[in-house]
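Take a look at the structure set out below.
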Amino acid sequence: MGFKLIDDDKLKEECGVIGVYSKEDNVVEMIYHGLYALQHRGQESAGIATSSNGTINYHKNMGLVSEVFSSEKLEKLEGNMGIGHVRYSTAEENLGINAQPLVVKYKKGSIAIAHNGSIVNGESLREILEDEGVVFQTTNDCEVMANMIARYHKDEIEKAINRVMEVFKGSYALVLMTNDKLIGVRDNQGIRPLCLGKIKDGYVLASESCALDTIGAEFVRDIEPGEMVIIDGNGIKSIFNDKWSKKRLCIFEIVYFARPDSRIDDISVYLARKEAGKILAREYPVDADIVISVPDSGTSAAIGYAEESGIPYSIGLIKNRYIGRTFIKPNQSNREQGVKIKLNVLKENIQGKRVVLVDDSIVRGTTSKRIVSMLKKAGAKEVHLRISSPSVAYPCYFGIDTPYREHLVGANKTMDEICQMVNADSLGFLSEEGLIKSTGKAEGFCLACLNGDYPMEIPREEAVLNE
Amino acid sequence: MGFKLIDDDKLKEECGVIGVYSKEDNVVEMIYHGLYALQHRGQESAGIATSSNGTINYHKNMGLVSEVFSSEKLEKLEGNMGIGHVRYSTAEENLGINAQPLVVKYKKGSIAIAHNGSIVNGESLREILEDEGVVFQTTNDCEVMANMIARYHKDEIEKAINRVMEVFKGSYALVLMTNDKLIGVRDNQGIRPLCLGKIKDGYVLASESCALDTIGAEFVRDIEPGEMVIIDGNGIKSIFNDKWSKKRLCIFEIVYFARPDSRIDDISVYLARKEAGKILAREYPVDADIVISVPDSGTSAAIGYAEESGIPYSIGLIKNRYIGRTFIKPNQSNREQGVKIKLNVLKENIQGKRVVLVDDSIVRGTTSKRIVSMLKKAGAKEVHLRISSPSVAYPCYFGIDTPYREHLVGANKTMDEICQMVNADSLGFLSEEGLIKSTGKAEGFCLACLNGDYPMEIPREEAVLNE
Amino acid sequence: MGFKLIDDDKLKEECGVIGVYSKEDNVVEMIYHGLYALQHRGQESAGIATSSNGTINYHKNMGLVSEVFSSEKLEKLEGNMGIGHVRYSTAEENLGINAQPLVVKYKKGSIAIAHNGSIVNGESLREILEDEGVVFQTTNDCEVMANMIARYHKDEIEKAINRVMEVFKGSYALVLMTNDKLIGVRDNQGIRPLCLGKIKDGYVLASESCALDTIGAEFVRDIEPGEMVIIDGNGIKSIFNDKWSKKRLCIFEIVYFARPDSRIDDISVYLARKEAGKILAREYPVDADIVISVPDSGTSAAIGYAEESGIPYSIGLIKNRYIGRTFIKPNQSNREQGVKIKLNVLKENIQGKRVVLVDDSIVRGTTSKRIVSMLKKAGAKEVHLRISSPSVAYPCYFGIDTPYREHLVGANKTMDEICQMVNADSLGFLSEEGLIKSTGKAEGFCLACLNGDYPMEIPREEAVLNE
Amino acid sequence: MGFKLIDDDKLKEECGVIGVYSKEDNVVEMIYHGLYALQHRGQESAGIATSSNGTINYHKNMGLVSEVFSSEKLEKLEGNMGIGHVRYSTAEENLGINAQPLVVKYKKGSIAIAHNGSIVNGESLREILEDEGVVFQTTNDCEVMANMIARYHKDEIEKAINRVMEVFKGSYALVLMTNDKLIGVRDNQGIRPLCLGKIKDGYVLASESCALDTIGAEFVRDIEPGEMVIIDGNGIKSIFNDKWSKKRLCIFEIVYFARPDSRIDDISVYLARKEAGKILAREYPVDADIVISVPDSGTSAAIGYAEESGIPYSIGLIKNRYIGRTFIKPNQSNREQGVKIKLNVLKENIQGKRVVLVDDSIVRGTTSKRIVSMLKKAGAKEVHLRISSPSVAYPCYFGIDTPYREHLVGANKTMDEICQMVNADSLGFLSEEGLIKSTGKAEGFCLACLNGDYPMEIPREEAVLNE
């Protein structure tokens, strides 16, 4: 019984992307630092492709940005234009071949592509292409895109991409580089975020605005649903796909995935989370001594809950800042070990206290159960669990790695049953209305994982598999 | 002009140690997870040595714990006893040969040694040993220790170690393993921390109690100054060195190095830091809108400052959680880039606000200056910098990597001058008395880096070099 | 002025292939040992793909077989069927992405392909495919093949491969694996060798018979020009392409590439080389004291020359057996260093002697010049250079990496001029007739690099480039 | 039952050394190329240390020279003086820590040491040093030497080394580098070889003269038994140890270890081997059709046997030139696989023939048995095994890794029994007199492994262990 990697009980974002175009300078350093800022969106592989005088060079590998890129590798990635990618991948396909950007040569030259999202009809399109004799070397949606672009690319690449957008169903924030253009695309419903920034003599596209801040780019605006921006020596222009519809941004970008210092579609992630905590305090008030969070993702909401409730905010759990790939022997006595390596109770703040514990979400419920147990062992008199989002009850098909429905505690248990399961003294999930209200918007979100209202048709086989 | 590693403007701890003895079980997993909990004490190299039936196996290398140990490496480290080490090393000696534990064979068998600290008379002892014909393969104090133990070890190893303690001046939290014993030693003044924990059928020694929590060991007590604990099949016993004196724990363990969830010498690191923030609020009150911290080390004090002052605590800076070894092009325009990769301003919380910015310490002042600048660019109306420790004005010779005095801003500038240099609207350093008071103790600390009152004689040449 | 890799002045074979099908056993060990036997055909990358219950696993990388495969990697390559590949690649495309086998998924399942040879119309076919929207991730002909098979594969894969054979011009010894079949193909003119062997419960395909010997397979026969053999659970069957023509085996397989213990198309490589030496002795007799060879490739011919001439065979040059990738500082004084690292003169056998030096071929002439110089420095009275093949005067388009014509000494100089250039006392190239005669066959060879009589049309642009 | 490394049935040399001193130039390239020439003396680890302005830099690791040194590593090894080492190590101590050169700091500065040989009283000296408190980090004799030099080094290092030579029993060809001197030492009986060469502005020391040839150094002379040569800015000088005695060069340097192009103690290795073959032909004549060798070590003797007997020399076995670390599944059917990967029969030359098979030595006899079997399977009518050295019957304590006596076929079986065991039609070992005569000298060799006449006292425990 050997050592195994510790598994996490969190929803997993699949990727982060960045693209930089400069008229004059080498861009690799900006892309590289930008990927650091996006590392929370994917830690399994990283890659950068740059274009120098029509030649695309790239380097990608499994690992964190800091592991994949040495100074020697960076030196070799010259060019005034480039794209970068960080990736989270599910265990089954944990393969180097799937690292992005994907670089291919086709009749019109070379292109590099990187995307964040998931193509709902990717398998069907793959089959159609296979029926026409296409071979695939990876299991990436990128490879489907590259093939379709190559087929559609008769005159302008913009038209080819536009046609791809018409047949692709799903979510995709895409950055793409030809020999002389940097192109960014956001899916027709804007499920995944993508924003535009300005640098001295060029532009930046990135999954989140925190990447713009990190590299000193000025935030310009979010890319719109169905919008394609083309950046080249002539400047920047936009093309809108006919099929674009109103925005349905993945609500979990706001709830959990994005960095709190990012601004997505005019929503400050931090302020929305804090507001969610405030509303949660009104929806599920409780008489308690302190409010603590599950760091880091629950912290903003906890601060809001404390502010609204008047119960002092405190630190109850310390997160280890150095957890990378960690092994564990998966035996009986170690059941809580995975959580313990990441979190430790600050006993002094907990002992004898009635604790409000704020987390952003519950997926399987196993982690919550262990944290409640740790707090009670440390002397907490009561633990009131407050979740700053509704219960996740439906799988996501748009780029989030949700477990099958049978493992989604929200799909199978009532709030009371969950409360009992995690052994909390009380439990409250933020309401759907509360969550929407916290964003300051009235609408514009994909809430499918909460209410099953998918923004588009879902492949039947997948749906069945998950029932 | 190539890529260079980003350098940090923080005091650097040199090491963390752990040792585990179990009557029955393999201990490598506990040591490995314990090193994760101590990773903040050193990120340059990591190592584990285990003893199985009188054979010591070890693996050590440059890198983080997660980089050094694969599941295959862990599988090979069998044994019911072992020690582990994480190390920070100064740039000049950034060499694999200095990774610990050091494993040597001598007339009484094999020993593995790992230590945290610095031997003030290490060079002199090295010279004495060299005069007697000793050869050295590393520049580690461990190798000096191993040589002295080998020389003194006539009958019992305890006596040999005891004699070593008599000639060693400096700080050392030491874990040492012979074929059948695990030994822990804390220097005669207890400058570096070392604590004892209990597991089912054995004991744990660790630099900080957070490592005990992580592996499920029960905290027993701190090792005393000048104490040697010997753990073997017969249980545990203690020997005190004649030369021990009253405790002089490095105050910066409390101020900055230790994890807030650790308890050192009966002081809760978190509570002390929070209390320091409270006292700081009384010593340097200011009329402001929010209190923010430089994460993560300034957070506890900021919460205290907020609580005491009544000014709401908020989050103003977001720290990137994925910074490992990061490269940067060290040119003009990039001057702030190093800080920007690590920290980003949460503009929404800052704009138009009068901000109290709490940090734990100022070393060179360069980072503070850049953070103040970032906050002002983000729209802060005022930035009042509050430091939860006095100004660092003297170099440390006991295991902390302080810059030479000429670079220590506290050694060369008045508080007003520093305030001007970092461009803050006001500045306050916690007083020495306030700092001591924050710990709840009246005495028992080494404050040499603050006041020059070294707990022992310092080598003249070093002193001169730093003047 | 840094270190550079030593370059070789020899024609370079591009690849070696092997495929094994067994009804029962794991085949990876046989493929792995077979690749060792074929390592002389390519030292830049190595790869193995195995099929286990319809799943293809593979591992490939830059390096020698001994460097690419660890015991762990081998353990993971399970399956009763598999293919392997070793590759030499020209410097420009020294990229891991081009390592073979290539594994792709298409509408009929997965296939793994590895080949030795060169597709003359590969670029044109690639363009045709690109015109139809195909994207390419490598610069390998394999990828073109995979795409064409995928397009043609309507009912049986054999038909698809057959059609590919009809459009492919060039040389190719191909091994290909579907979920349940191992397929071997030899190009329509049989330019590259491929042979069939029998193991207990299955079959082996390999570039050379020495690989069969190494893994204990019994040699059955050579695959014929235009023949496709299909091996599966039902046994073995053959299909011949309509376009096959009479055999035109690359003569340099016999002269230089193949291992002397291989038998290719009923020719014992060793005996042919020895016979070539004998004929050379009759064509260019000389009065001398000893016959020596440039090891190892000239040895068989030297033995023949000695036997025929009656001049004793001796060892005059010792070859370093451990030369892998070796660096050199390419400055003036080092001009001969590259040769010296590989070869040393056995002075005792040379001094004062009139030496017949037998080598298999001359490409640029630079190495010959340096060897003659080394021998003369060592005291050779005369050096009579004898080459057991005619002068190489035309570039190869079928899988051999010849220099451009301007560097081919045979294309630009007469025999006398070459003799003068290499500073030999006399020089003799084996005649074309002599070479053919040495094989024991009257015809059946591609001699294009000797006489420009290409076995098929050559792309014009390439031809121009080389003129 | 996983994959295991193939083991070899040959005596193993333990090391090769080289040292270069130049007044002006960087020497790393010469040392590096020299190590290639010495690679046959050790393939397990390689290392180079260079001295530049008093600073010693080094790099060493497990692997071949070509694997250990990249161009980057070489660039960093600056200096006008340096030493290099290649090492074979027995399986038990196959550890990176034992790679040489060993670099240590002691009271007089830094030294780097590398040696070839074995100190018979190394363990005793280690114990004496341990009794005085010395600690050891490796199991290398080098570390014992370094410690003793450090102890004896009062005024001049030459005196210290001289004293070391007085207490060291055993064989050692040593190169040693201080801040300003390159020193070479050959043991008092000259068991291991060491020679001196001249370069433009300096000198070279090397285990074998082939290394001098490779780097373009002129052979000057062999270092004498008990001689120490000191090379520095003042030129070269020699000191002789009082205890030196007449030369007793290891005869197996001539028989097997050295490269045939080397000259050791005025003996041409090639000519001696060839002469041994001639004498063997007179001692054990046989009526046969061809003489073949086990390549490469048996080839020189086979040529001699052929010349003397008049039976034509031919090639019967082809050796794979690319065998590095190779794995095998050690099961029944694979028993011959290890040999087959390395050697293949040239059937055409063997079939129906009466074969004289010449090898240099027999150790366990297992390889000979398998080769005879391979030849007979290939159709050899008779196989007459001729060994160009007497039977190895005693273990070596001077740097050769012989198996324990129980496995030495020569220690336990008569010639007839061995003949039967290996299934040869006849067997002949060269006589001891014949072997000595082949060298052209009347005496001056250590023949202990042949006749048990050790050149010095052997540690009793070792002797017992081997009886």
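In this document, chain identifiers A, B, C and D correspond to the written order of the chains, with residue numbering beginning at 1 in each.
Here is the rule we use: contacts are C-beta pairs under 8 Å (C-beta built on N, C-alpha and C of every residue); 3 or more make two chains touch, one makes a residue touch a chain.
Keep in mind that what you see is a predicted model, and the values were worked out from it rather than measured.
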Rotation angle superposing subunit B onto its copy subunit C by C-alpha atoms, nearest 5 degrees: 180
Inter-chain centre distance, subunit A versus subunit D - centres from mean C-alpha coordinates, in Å: 60
Rounded Å distance between subunit A and subunit C, as computed from the means of their C-alpha atoms: 50
Sequence positions of subunit B contacting 2 or more other chains: none
Pairwise chain contacts, counting only pairs that touch as defined: A-B, A-C, B-D, C-D
Of all residues in subunit C, those that touch subunit D in their complex: 2-4, 29, 32-33, 36-37, 39-40, 43, 64-67, 69, 71, 74-75, 210, 213-216, 259-261, 268, 270-271, 296, 299-300, 303, 307, 312-315, 318, 320-329, 336-337, 340-341, 344-349
Residues on subunit A engaged by subunit C in the complex (per definition of touch): 102-107, 127, 130-137, 143, 146-147, 150-153
